Amino acid sequence: MEAGSREEPLIVAKDIWKIYDGGYTALSGVDLEIYGGEIHVLLGENGAGKTTLLKILSGAIRPSRGSIFIRGERKIFRSPRDALKQGISMAYQGSSLVEGLTAGENISIVARAAGINGDELGKRVMKTMEDLGYQLDLRSRVSSLSPGEKQALEVSIAINAGRLAVLMDEPTALMSTASSQLLMKLLREHADNGKALVITSHKIREVAEIGDRYTILKRGTRVATVTRRSLDGGSVIDTLIKHMSPQGLETYSLDISGAIDPGEEILYVDNASIADDRGIEVLRNTSFRLRRGEILAIVSIDGRGVKEICEAIYGLRRLRSGKIYVKPGTRIRYIPSEVSRASIPEMPVAINISMRSIIGGRISLLDLEEIVSSANRIIEASRANVPSIWKPLKSLSGGNARRVIAWREAMDNPDLLIVEEPTANLDIASSQSIAMLIRSTASRGAGVLVVTSELEDPLRIGCKWLILEDGTLLDPRSSKRVGTIPGAL
Amino acid sequence: MDLPSISGFIGSLLAISTPILLIASLELLVQRSGVINLGVEGAMLVGAFTAYVVTLYTSSPLLGLLSAIALGSLVSILFAIMAVYMRLDQIVVGVSISMVSIGLTSYLYRLIVGYGSPPKIQSTLIDALAPFLRSIPIAGDTLFQTPLTPISLALPIAFWLLLGRSLVGAIIKASGEDPSRACRLGVNVAMVRTILLALEGIASGAAGALLSIGYYGSFLENMTAGRGYLAVALVILSSWSPARLLPTVLIFSLIEVAQLRLQASGIIEIPYQLALSMPYIFTLAILAISSGGKKAPRSLGSSEYEC
Amino acid sequence: MPARSPRLVTGLLIVVLAPLLAISILSLFSGVNAVETIYWVFWGGFSPTQIPETMLRATPILITSFGLSLAYLARIWNIGSEGQILLGAIATAWIGLHLGGLGVIGVIVSTIFGGLCGALWASIPGLLRAYRGANEVFSTLMMNYLALYLASYLLQGPLRSPTSLFPETATLSRDLWVEPLIPGTRVNAFVLLSPALIAPATYILVARSTLGIKLRVIGEGAEKARYFGIDAGKAIVATMFLSGFLAGIAGSTEVLGIHHRALPSISQGYGYLAIPVAVIASLEPRLILPLSIYLGGVVNGVEVAQMNLSIPSGASYIIQGILLIASLPMAMRR
Amino acid sequence: MRNSILGSTVIVLIIIAAVLSLYILGGALSPSPQKGSSVASPTARSIKIAVIYVTPIDEPWNQAMHEAMVWARENLGITYSYVERISEADVERIIRQYIQTGYDIIIPHSWGYHQTTIKVAKEYPSVSFAQGSGPTDIEYPRNVLVYDYWIQEAAYLAGIAAGKLTKSNLIGVVAAYPVPDVVRLINAFAAGAKSVNPNVKIRAIFIESWFDPVKAKEAAKALIASGADVIYGDSYGAEQATEEAYRSGRTVYFFGTIIDYSKLAPNTLVASVVWDLRPFIKYLVELKTNGTWVGGILNWGIKEGWAKLVWNPSFAQRNQALVADVERVKQDIIEGRVSVPIIEDWDPKRWG
């Protein structure tokens, strides 16, 4: 079906600007038209402004300039509440439900804001969850759900709460592949009922088949909006990628012949069990080893345990049982999935880059020369876009900040590097360069442990990998429990 | 102990606990919504002062109570403007408001009433309602120490129900757990907090009025003497649970009453300073044992959030 | 670090102007000319003859806010300085009574001893926060009350001077008195040394040292501190210890330099006055000296205005509270 | 954030505007800049007296002085200026400022000031000082007169009445702090009670605050609950407990201190132990105008009329015999036949 020409657009965003406090311009004059009954896909690299645009449409943040029209009438959203009242709902990246409350309480709060009956919304959400392959008890606390379940719940609520339009930011990032496919089917049904659905995703393959129209953003401006029908018969993906980066992209195939011979063993996880904050075991009686020069990826199918395993090995989290042996004197560095856990976002980029040496040393005067030179070194290596090293780290876009921190950690001569979700929320180019960083760190003789929920990551990096399912590590080739395979590693 | 002295003991207990319980119940809701309001001390003092001055000039304790409520909530709303809307540090704003209130009430007292032994008001709040209260059978004299005592006892129970099983309760909890996310769910966090603070101001004003025109019949500089701060501390001691608030406040008041009776009985020779510091030592000990922070509303004390 | 917020300038203006506004309104209430009040406030605080007294008043504020600014950098909200000053003062007087005849060594020992007692007192809420998760705002507030009672017990009981009918210790032996250096004033060595030492020390530690950044990391929470390899618990206790130490020293200087004995009223709210100064100093350490002097002057000046114009003394609480609030717009960095 | 910057700018502007308008208003509103000011008005030859208080004038010890000074301003034509809440650290500056502005008599009205008074008095021998209490065993300069709260004789008389009135033989005392001048009165009161009723027991509660009426009231209630039928209170609030007991049908007598409590506790008050400083101020003014100022320690008592036992009129009417008995002892004290013990430390065991 073709929505474009049929009628007036449902929502029009006109000349939207967003300049953050630090001076970072996230959007510069973006126009967007959204029609009823269409699935509208937003594409773009990290920092392109997709999330910001969705947040402006949902009332979560206010544009610095520009206006939003609904059915031709100008509206000002002061908060998500205003948008909900107008029938526009949003599912945020990951999840943004209140963790301490039950699913039912979250639902009734949304229902009230959207002006719907809470019980009815609850029923519809349960039905949607079922359609996505999840069982939901309205009385269970959100904090007790798995990341995948949380995301599914977030999406289910948004889909049912938005009468007019549903905005979804990376809705499938943490969902299982099966559920993602079910969701795509569901989206189509809702679109056929006349709702507008706006969705962002880095997984181009997934959305390539379902979008009616695609808007491509780059550095805060709109590059193009294409309707699916107008795409030539060939591969939708190729066309989209061409739009996104005209010079084309490297393929995934990587040369892994350069890997050095594995050296001495620096990490031995011995029959360890690790629990998450709620006490649920995410790793059960498991052993594995890592040597210098080796890269090992652990892929958690449902996203559980990623953070916990990294934290346990880095030493931030206690084991429930078992032991982790790290060779004495081993220098461990850790790139967490969220920048804020490894930095002070309010402090200048340069200070954040030198944070390790500042804190590791004795109390002394700051060596500004040293700070500037290491900042320049890291920024150059990471190719992050940093306007000034004395601006706060938070003034950078998420992807650039992540690069700075990742390179800081990897270039601090680690013996063991832990990388959590190397490509989460990163665009293709950034993902590629993180993969290169991991490989070069290993080739310098460090052991690298990658823990991720993204199946493509080991491929991208080109390394050994294991599957984490229900607290157990499995060999992807045999699907056998690793602990029982002698010499698996 | 014979029956009248037991009833006297319970009476003293309730007299001490009523104002604290009134404030603490509302402070519990306020803290569950993510705000820690140390300005209650100021609101209470302003309430005590207003009630006294109005009663002195109109001879109507009820009018005094009403104006105390009005000005108490005004102080609380002032706190809300600074801590919720301007997002200034809640704790410093609270302490400052209390400090300004001490100064302002003593200053205005001097200008309006004069200095020295304060003129007594004609009839206290309790006098005004005494015939009615006494006529309540069985527990009239003990339980109904003040007209607000039954209300103060009922509040924690009501709030326990409110937080446990109502939409309003969910909205309050959401604001305190994660205001950014609550906002995304369509909650007007600032409004929720402001309304609760205004209600707390009403309670603080009434509690202050109890002190000045209820128990004592007059006003003295800083006559609340830290009772507001105490109420805030007791909320923390009760781990933010309305069910635990009632016993916590009563136990605390019991220690206070027992401490005075202990001195009065002359049985044990302890430095009186030790007796007087008991409540604070007790508070610190409970803080130490209960490892308080864990159950706290996650955003308690922080004014910054975004949608 | 170059990043400077424009808030600082507006914030500073608010701090300077808000008390003046408050004074003016209060004068209008009591029918006194606001201009005249402000004249007396400034005359009493900042006229050349009054400057030595203002410096005297600013000294404990300066010393205390130095320690507090480090704690606030780590977002450890110690508001218990008042009690720490008091106990530091009593400890100084107590040990000073045993050190008569030692002269300068006695002064140094008793100053440090006072600091240590303030530090130990501050460590208790530090330990509670670090290992029991107890909110330090409450525990320090409670510790203030406890300090008052403890002081009352000590000064009325074991430490009371046998010759005094009032709660105070005996007077220290003459050689422990830190005497005025400038004739005709009460400006002693502490008053001269503190600005010279503390103002630059604050600047260097807060803005130009690795300690400042370490403290900021601690302020980001235990988890982030552990990420960078800092034991947040130990660091919190150490920070509280340090800020308590300086508050204790402030108490010592009052005993050795002015009173030569310990009294219950030794701290004139210095522990509270230091809070706004420290909040600002943790953001812009260069302001610690001018602000301490400004506050000291305003507080002195309000007294003089009160004396000359019969303004009720409640005014000084109002001014202190308003100064606290006024310092806040600068401190918003959560 | 942007809003907060905007916000603070607006605040600054408002403050500037407000300060400016206050300056203008202030100028317009007050007809004379001298209004309320006592410094700049050196009226013809009137004695200028300055009093420095360590706490607010509302506190009874200060209130007694302030009322006498206000009386003196109206009746003796003196100039009176005062400051409250002046710490020991600041009193030197304040005294010097008063001297510089030409005050004749400086009254530092607190024990804690005595060292500073001695120091400054030595520098200004022509200025007269009246120091409100201080150690009696040290030397004062010749221009310093030391006075103290010597009203224990009146407290002793109150104790006699209490000893006769109690049926339970338990007398409760609610006091602020166990400091000597408070304790001296309690001990004299207890001695008076013991002198007529050896079985009487005294039990005191110190509430550690000059101003906490609620605590004082609860303390008094606790005493009443443990059997006391007479309450001696030196702190606001205790009288409320006796009045409440009266309303519930129990008779508990009350004695007040320093100020007259007859309006505060009309039903239960027996008498108040009052400190009247008017004769003292009159005496100071006379000394100064006659140029006969002498230093030393002033030792006045009930004879000079500054310690008084003021009966509650309604009680006195009903109990004329008791009043007459007590008044006889008063005469004995004045004529030196009875001497009242002076005990300045608090030992709970002393009075059983």
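Labels A, B, C and D are assigned to the chains in the order they are written; within every chain, residues are numbered from 1.
By definition in this document, a contact is a pair of C-beta atoms (placed from the backbone, for glycine too) under 8 Å apart; a residue touches a chain by one contact, two chains touch by 3 or more.
On a predicted model such as this, the values are computed, not experimentally measured, just so you know.
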item: Pair joined by the larger number of C-beta contacts - A-C, C-D; value: C-D
item: Distance between chain centroids, defined by C-alpha means - chain A, chain B (Å); value: 46
item: Rounded Å distance between chain A and chain D, as computed from the means of their C-alpha atoms; value: 73
item: Centre-to-centre distance between chain D and chain C (centres being mean Cα positions), rounded to whole Å; value: 32
item: Multi-chain contact residues (two or more partners), chain D; value: 4, 7, 56, 178, 208
item: Chain C residues counted as touching two or more neighbouring chains; value: 30, 149, 152, 156, 312-314, 316, 329, 332
item: For chain B, residues contacting two or more additional chains; value: 86-87, 106, 221, 273, 276
item: Those chain pairs that satisfy the touch definition; value: A-B, A-C, B-C, B-D, C-D
item: Chain C-touching residues of chain A, taken from the complex the two chains share; value: 314-316, 334, 336, 341-342, 344, 346-348, 351, 355-356, 358-366, 390-392
item: Residues of chain A defined as touching chain B within the complex; value: 55, 58-61, 79-81, 84, 90, 92, 96-101, 105-106, 108-110, 112-114, 118
item: Residue ranges of chain B in contact with chain A within the complex; value: 167, 170-171, 173-174, 177-178, 180-188, 297-298, 306-307
item: Chain A contact footprint on chain C (complex, rising order); value: 1-3, 204, 208-211, 213-214, 216-217, 220, 223-224, 226-230, 333
item: Interface residues, chain B side, partner chain D - complex; value: 5, 8-9, 12, 15-16, 86-87, 106, 115-120, 141, 211, 215-218, 220-223, 225, 256-257, 260-261, 263-266, 269, 272-273, 276
